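Quick one: the structure is below, questions incoming.
In order of appearance the chains are A, B and C, and numbering begins at 1 in each one.
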Amino acid sequence: MKSFRKELTFEIPTRRAFINITDEVLEAISESGVQEGLVLVNPMHISSSVFINDDERGLHHDFEVFLEKLVPHAPIDQYRHNDTGEDNADAHIKRQVMGREVVCAITKGKLDFGTWEQIFYGEFDGKRKKRVLIKIIGS
Amino acid sequence: MKSFRKELTFEIPTRRAFINITDEVLEAISESGVQEGLVLVNPMHISSSVFINDDERGLHHDFEVFLEKLVPHAPIDQYRHNDTGEDNADAHIKRQVMGREVVCAITKGKLDFGTWEQIFYGEFDGKRKKRVLIKIIGS
Amino acid sequence: MKSFRKELTFEIPTRRAFINITDEVLEAISESGVQEGLVLVNPMHISSSVFINDDERGLHHDFEVFLEKLVPHAPIDQYRHNDTGEDNADAHIKRQVMGREVVCAITKGKLDFGTWEQIFYGEFDGKRKKRVLIKIIGS
């Protein structure tokens, strides 16, 4: 069994953003030499998300509006987590709604994806350094 | 390490539906010959979901009511994604709430499940051909 | 390829709770002898969740408030699932929002985690015996 590990790093200048990381995952698969297996992609943080959806600007706007309505950032004193001095309680909850990680199939050395599937890093508490882990196992 | 791949296809006549695919996953595991490993099941589309919950008609009604209240389909012009000519922005968001994929354990050649766990394909934008990927790795 | 399986058991005295199970997962990885691989952790039930977030009491309060506002337990007759004699429809939906399972990387025999990542069992329908499955594959 082969295994491979790689980290991506981000420092998003805004509080929230969706970044397409599909090419970085494809590159990691290529570097790993794995032909058949699984790739796990997850943030190493608890206020961001890795998810699969459409690379369409309007939809990303809709996600932002949906999440901010469901879990508003302000007023920050509505969250007990923010009593600790943080202001990111909403980010922890938003990441839970969008999901932490994705697990994808690798077939014949490539991401086994449908036409429109794209992998995103979802940042909900940016302006600081964050890492994403890519772990591949297979043969 | 063994690996196995199979696609299921669906063309749901309604916009939304929950379809029990547990037997299809069990059959794939049997075909794979894998005794110990993991099975990944995911839609190859971004407006549908694979998830695990109860095969109970009342609960599926409750999921439908919950999701439609949280992310209404209409009016379609409330979503910027629908400015592209689509009418399925709600389906992309609903799939995110329900999750994309499941990863399940295979032990002694069988799905390692609790009593009530059943795998569903959740369609949120039907009336078109869709595919579900089953990928198995193990020994 | 190595594989390893272990069950954790819980009987939570309250309806809802978040229990940190990171140490139990670390112990299972150690027992497995796997150095490079993946660990899957999932409840064997459909009214509870395994998820990764912060071990901070205020945040857990915020999760509880968020989930109870989004999917109230009472009145129980608002859910058709509860027509079956159950009172846990809300628990099935809450688990869907929080997610079923986590898949984590094992690197050099350890959980490949960021600083603040902790694994939780999220109970939404307690006062009964529940099981969590840990399945490890790797080399």
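Basically, contacts are C-beta pairs under 8 Å (C-beta built on N, C-alpha and C of every residue); 3 or more make two chains touch, one makes a residue touch a chain.
Since the model is a prediction, treat every value here as computed from it, not as a measurement.
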For the copies chain B and chain C, the interface residues, called same if over half of the numbers are used by both and different if under half, are different
Quick one: superpose chain A on chain B by CA and send over the rotation angle as a multiple of 5°.
-> 120
Whole-Å separation of chain centres (CA-atom averages), chain B against chain C = 20
Within chain C, the set of residues that touch 2 or more other chains is 1, 38, 70, 97, 99, 103, 137
Residue numbers on chain B that touch chain A, as the complex places them = 1, 3, 5, 38, 40, 42-46, 70-71, 79-84, 89, 92-93, 95-97, 99-101, 103, 131, 133, 135, 137
Given the complex, residues on chain A that touch chain B span 1, 36-38, 51-54, 56-59, 61-63, 66, 70, 97-99, 102-105, 107, 112-117, 137-139
